[in-house]
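Next come the structures, one after another.
Both complexes below contain subunit A, partnered by subunit B and then by subunit C.
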Partner chain A sequence: MTTTTRGAAVTGAVGSAHTRVEGRDKVTGAARFSGEVPFAELTHGWLVLSTVARGRIRSVEDGPVLAMPGVLTVLHHENAPRVDIDYMGMLGRPNPILGIFQHDRVPFAGWPVALVVAETSEQAREAAEALVVRYDEEPHDVAFRAGRPDAYTPQDSPLVQAETEKGDLEAQLAASAVVLEAEYTTPEEHHNPMEPHAATARWEGGRLDVIDSNQGSTWVAGELAQLFSLDPASVRVRSEHVGGAFGSKGLSPHQVAAVMATTVLQRPVRVVLTRRQMFSLIGYRSPTAQRIRLGADADGRLRALDHQAQSLTSTVYEFVESSAVLGRVMYDADAHHTLHRLVRLDVPTPTWMRAPGEAPGSFALESALDELAEKCGMDPIALRVRNEPGTAPVSGLPFSSRNVLACYEEGARRFGWAGRDPRPGLRREGRWLLGTGMAAATYPSGVGPSTAAVTAEPDGTFTVRINAADVGTGARTAMALVAADALEVEADRVRVRIGDSDLGPAMIAGGSMGTRSWGWAVTIAANELRELLALGDGIPPEGITARSNTAEAIGALAQQERHSFGAQFAEVAVDEDTGEVRVRRLLGIFAAGTIVNPLTARSQLVGGMTWGLSMALHEEAVRDQASGGHVGADLVGYHYAAHADVPVIEADWVDDPVPGDPVGIKGIGEIGIVGVAAAIANAVWHATGVRHRNLPIRPDRVLRAADEARRRAAGGARGA
Partner chain B sequence: MTPSTSSAITLNINGEKYLLPVDHRTTLLDALREHLDLTGSKKGCDQGQCGACTVLVDGRRALSCLQLAVAAEGRVITTIEGVADGDRLHPVQQAFLDLDGFQCGYCTPGQICSAIAVIEEHAAGWPSAATDDLRPDAGVPALGAEEIRERMSGNLCRCGAYVSIVQAVARAAEAAGSEDKEAVA
Partner chain C sequence: MREFGYERAVDVAEAVALLGSDPEARFLGGGTNLVDLMKAGVERPALLVDVRELPLDQVDFTPGDGLRIGATVTNSDLAAHPDVRRHYPALAQAVLAGASGQLRNMATVGGNLLQRTRCGYFTDITKACNKRSPGSGCPAIDGEHHNHAILDASEHCIAVHASDMAVALAAFDAVISYRTADEPGESPITGFYPPVGDTPHIETTLPPGALITGVTLPPAPVAVHSRFRKVRERASYAFAIGSIAAALDVRDGVVRDVRLALGAVASKPWRARAAERALIGGPASAEAFATAAEAELAAAEALPENGYKVTLMRNLIVAVLTELTEEVSR
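Let's look at the complex of A and B:
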């Protein structure tokens, strides 16, 4: 049968709700994640991590362990295959943690020192726990605090501009009728995707074949080829289902370890991280110490904005948590200064975690705006509206679209913001003090080069090939909808293949760039295919395929500031006798370009907001200064929001056309979390009259703050 | 004589009998995933903190990572692979699918097994920490959102799908409730 698309053209798939195409597999348990693909002769690797925070490995006593039942090999710095970490990868130089077992140095607690491989996971685990590693320990320093004298300003990189500056800050602060100066801190936070990182590697027909869980198999395959000096065409990485990622699933030691071991043993090797190991091997969000100074006229117009953010990095690699970038987009001022500072400590290297930069940065800046509104006697929304810039405050470039005002308006209407009494500490319901708060949100809408192929099959169906990663976003479904509209056919005639480096290079699922990047490539290929089919020559048995590559088109994009925007609203209840803070409801309204699949988009935005709630009230990794490792590196020691913590959360969006943009899709993975912690902290102030500038807002902090407020009130009364 | 470190056991899973030799250290979860190729039950923490490995043992929810396989002999075990009726999804599965009660899908089998048990526990009159009236004659508490959140709190979801999971459990419970009423009538 030959079918062309002439005749009944169908569009409208994009923008209408579709359940996930792989949904049935996921609710029946049929979907196989990376550690679940069976192989004959499979062996199991178990990593052994350093127990000291700094020093040298004196010896790895592998003899007794090699004699244990089932143990096949123990890899460590004296016998492991060599790898090359001196290369430039897709996202820059590799993190030296990929160079496992190459030297005897230990730069932090939880550094990989050995891999034990055995016939079964039980044997590997017992042998790994029995392995004796001796160290020459050196003193370590893991103390992150504001204003460390050894803090430095990092060099600019393609990813982060360290400092921006315009105007005379001190002069503008001096000329301001209202000045706010405050310091904010956020703790170390961990991604903790539900699926632990897992890779199975084997040599098959002269090629390295890796089943992995990652955010981009083009990226992982390319890096593995570099690390092991292999022809890129001889490396295949597949990642069909990914059990959450949030920035943590790129290159990690487990993939390198699995490839080393399969090369040594010539049998398939699976390496799965334990939950505890994830705390030191996959990156995390750096703690931050942020100082904000705002100066304004009496009517709230900003004269000065200064946002300085300190974060940490390891001694082996530099990562900047770009917390100060928010003000470069959100608010203009006559004098404007943003600065990142870093401290190098004996800790693992941080990495991207959901809304890197904007998540902690928005807590500080959007809390500060609320404090300024209080000082100016203004409504927090009115203050933001007054400071709405025409063009981007720092770059001066026009915005591709900026519908944040519509978000404020729609959010205020739906939340019931009008008539809110701004005075704090007035509303009580039984033991609960009630308050409301809001914050703005923004996140860049980036794009990366991708290739795609769309094939018209002889049976009237279509196959889209794009090396996307579905980390829970619904990428398969989204690409089916995008392709269906471009082909002008029903979405159920389109099947989508993703998660395989053999499909050709494509952007990673990260930085809210996936759907925009892949959607662009799929649209171009599908449009071309539709035109080919319109010629009506019939479809041969092998089908007709059109291909695309967006690299050139991306290079030709107009210079504009491209961002998503949003407004977050929160209502909280605070019990000042127990210190408990309960979020009663959250509402987020977003302007994020074309929303491809409303069903899954709402899930993703609500998920981001759930992260914001969790960040505001719960998440905090505690580092033991004496050992340099974590206290309670598990899901009880590190609590993130559970069912009982999460109330009604609503997310919705306003129309956000992007004039002249070839895609119109902006990306929504990050923006849901941005501003939520500030909206909650602002609501806690509205409830109690106490500002919480340190996250998370733990019960002990609420109690201490309430005690101090009572003491001050009593002291003030005595004084009067 | 060397002490034996493994045994041949028979497990009753999803109505099938499986005879398998297991290392005594093997958990029920690893027996399912590594030995029986039933990989629907997930390993999120391997220490009873996340709920991803939840299965039904003799009809009640249990964390399969905290049970040794050898101790599961003689029990009736139901995993996510066994809750549907052939091609017809269990109402809880259908509600998760329709209401998008998941994102990455890794916690989903545990959430669904847990939810199936929650609906039964509730129907049987078991109270929870969110139940207001605990008197023995108070009757079955209403299965509102607060009750579902409390009862489901042993199942973590990092994607943050809780809001739609609660809606899905409520919808499935409602359907189960009306079926019961029909059966009585």
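Let's look at the complex of A and C:
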């Protein structure tokens, strides 16, 4: 056993269940979220969004509004402070929507055209609703559909490789005993975090101070400094508690508007988005139209894999929903082709939303695998096992670890997959038809450079400083556990400070990279501190601090394919009279490296799986073709799974050591959602014999599909 | 959001007088719909007259074993009331099928009858809507309408009524009582919601300034065997895409009495009288139920995205009447 000057060493915090360190504050209301931190002299800004989908602003008639009670200013393109959007930020060029009020052009319905600032939120809202904005409207095009002739292949970016290709696809398809060709669609989906986006900005002691709700205050501070041409050291962004983010809480117009207004008024300004505004201002998941062709030998071995995914972007910025990436990791084939295509429409720019790419992509590819299994007369798991690659199918690199077979095996055992009758439409319980389905899951395990500081305090406690973001996942707690093990102390002796750009640069909470990135930096600093303490010189009043920066170590990582894996299982019940689909149980088994806190990890995985259920059956934003805006952009119109829709969901994991990896943590933010929609759609087929290739699987679609299937069956009978 | 006044009335006369004092006043019940609409700018009252404390919160038997339900009885209390559950089970089921527990604790019977449609064009003030802004048009007809009306819609509006409770009340011939500044009055629920025609903004036949004071359910022995079934796009807290309230009395395989009302198919709870006529005196069989359903739905006019409702309602009628036949036969 290792001994230190502090007595017996303690380890094992990582891997044992701990409640959130801030849990009590959250359930008692003591934790303040960004929209509720009090400030003296606080003012309230309310955004006014365009009601036309394309055109120019002719006039903003602010005169009458300025005379309304409490109104302090109206900012718009003719009077707002200038910002610079021509820069390269932490994640690339900024979305031009950050350049609010800089010109008269309106590129989509819901573009910010003004900010009304008043003494109270109610006054600002009433004035914003009264503000008359006149437009010169132009015809718009918001029609997303498969095979649009103006679709194009985007340029490669550091984030997305547009196309990969190997082998002769047509030749391999021609040589295949079994060919599956199918088209799948997923709709526009929205993050809808429980806490709306909110920012309060003020100038304090010559520095810009922003209280925000975001996924990375280093990131937001850096972008605000660039936008307003400020010394980065003069910008401080804090984000203490975040009520859900899911990819939507980076930079949005509300932060820019708050900074503009506080600069003009020299008073603190708070801008909070409404649920309806969030539908057009914070990004969303693009709808997708995906075409898959699979060719296989009679024994299921893949000869050809072709996955082409079309998504949309706005006219002002390019975002690619990378739906075709799944096959680059999961399945090899002699000929292998993946391609992304984009159409530019008069709509807001999409963005990352939980498991960007993999979530919609897995619906298509994992449904197609199920269809191929049916055609081959094979068990869906056996088909996947048959096509398990040794190295990554496209890059050819080795996997850091790939434990998906264990996920299939453990999942099948716990779900009771063995002996499943593969024939569809046979199981009935009262008015419900029953079926089961499965799908595979994967998501990259990335890492980003971070700095951390760990201090030994004179009172025997430790303080970890890392600019992590706890978006509700338990990141603060996870860092305490990681630090405790590295320091070999009890976790309750470690306090963690996060969510403050003054703590130094760190990775965002995004792309399932947070815990891996921050945990690495904390471990290095804590290890170093432990060595310093081992010298036994005593602790001075200011404590002893060790610091770390992982940039160099990340650069030295071996070239490997690093991913989490999983297997999703679903049982559904379908009422053919009404088209209702109810999920009876879900089981997800994951291989995701070291699980830091089983309690919050399970919660996060179950949350992802619940969202997958929601994606399969409920979620869909409807764009009104005539106006170019949404219909039902609220939680009445946009359905997500409510409690009664969520059945017994089990999430668990298999051991997944990552040989030679300095951290061992892979990240679990995204993988829970991946594959769930396919597993459910596959189970719906197993229940009814009808394939649903368009999400969500709404009752009206089930009824229509059942009618069509009956008609086809009747027609076939007549033909025979 | 417009600044508004707030008054709490202690008796019916005061409530009616307060409402009459301001042409832009609205009664406030549980506020579960009105307050949302105020936030959205759809409703902009100058004054709210809170009627939730009025002494109209009782459920009592009427002479002859009907029920009189006060207007401020909450949805939760109505659904839990033992006499409602025993004598009109479909009504309790309908109320429980609506909203969430928290909303049902606030929502009142009177307010439930007056709730507005959840059509996404109606609730969005940036869109045209003949119901909200007469003459501006109905974008749902060529737009998003997969949950819109298949019966009795007009070229001016295709929105559906949102209440589940009202569907059960329609099946049981409920009579709505109200009070104006001058006199009390009443209206059968089937006449309470006028045809849409070219006046979709006129949603009830309630006289101006009237306050709903209660609902009376006439005695209906058939209602003991009644059911409400709601189909929605998720398992809870969603508006119906189709619902049915049905009561059935069968003797020796023959339908002696039947009540049928359909929800989410029209601008009002739809009493299915054609189906009832087709059933009375005939066999209680799946074939007869299907024939009756066809008789009712013959008048349906579907748009491109809501035609499934014809299939759905036919299936629901057959399924629920079949279940009731089994229940009655036990």
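Criterion: the second predicted complex is superposed on the first by the 712 of 720 C-alpha atoms of A that agree within 3 Å, B and C clash if a C-alpha of one lies under 4 Å from a C-alpha of the other, contacts with A are read in each partner's own complex, and residues count from 1 in each chain.
By our rule, contacts are C-beta pairs under 8 Å (C-beta built on N, C-alpha and C of every residue); 3 or more make two chains touch, one makes a residue touch a chain.
Here the structure is a predicted model, which is why all the values come from computation and not from measurement.
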| query | Should A:R20 be classified as contacting the first partner (subunit B), the second (subunit C), both, or neither? | reply | first
Once the structures are superposed on A, label A:G629 by its partner contacts, choosing first (subunit B), second (subunit C), both or neither. second
I'd like to know which partner A:A642 touches here: subunit B for first, subunit C for second, both or neither. both
The answer to whether subunit B or subunit C touches more of subunit A is B
>> After the superposition on A, what does A:R582 contact: first (subunit B), second (subunit C), both or neither?
In response: second
* **Which of subunit B and subunit C A:E126 touches, first, second, both or neither** => both
Open item on the list: By the touch definition at the top of the document, which applies to A:W611: first (subunit B), second (subunit C), both, or neither?
Closed with: first
- [ ] Using the superposition on chain A described above, determine whether A:N549 touches subunit B (first), subunit C (second), both, or neither.
- [x] neither
Original post:
After superposition on the shared chain, which partner residues are touched by A:T51: those of subunit B (first), subunit C (second), both, or neither?
Top reply: second
Inquiry  = Applying the document's definition of touch, where does A:R431 land relative to subunit B and subunit C: first, second, both, or neither?
reply    = second
Note: overlapping subunit A surface for subunit B and subunit C spans 122, 126, 634, 636, 640-644
In the complex, subunit C touches subunit A at residues 1-3, 40-41, 118, 120-121, 123-124, 126-127, 139, 142-144, 146, 231, 233-239, 241-242, 305-306, 308-309, 311-312, 315-316, 318-319
The subunit A residues in contact with subunit C across the complex are 51, 122, 125-126, 129, 276, 431, 577-580, 582, 617-618, 622, 624-627, 629-634, 636-637, 639-645, 698-700, 703-704, 707
The subunit B residues in contact with subunit A across the complex are 23, 25-26, 30, 33-34, 37-47, 49-50, 52, 79-81, 84, 89, 93-94, 96-98, 100, 102-109, 112, 130, 145, 148-150, 152-166
Interface with subunit B, subunit A side, in the complex: residues 19-20, 22-33, 35-36, 38, 120-123, 126, 191-196, 241-246, 272, 274-275, 471-474, 599-600, 602-604, 606-611, 614, 634-636, 640-644, 646, 648-649
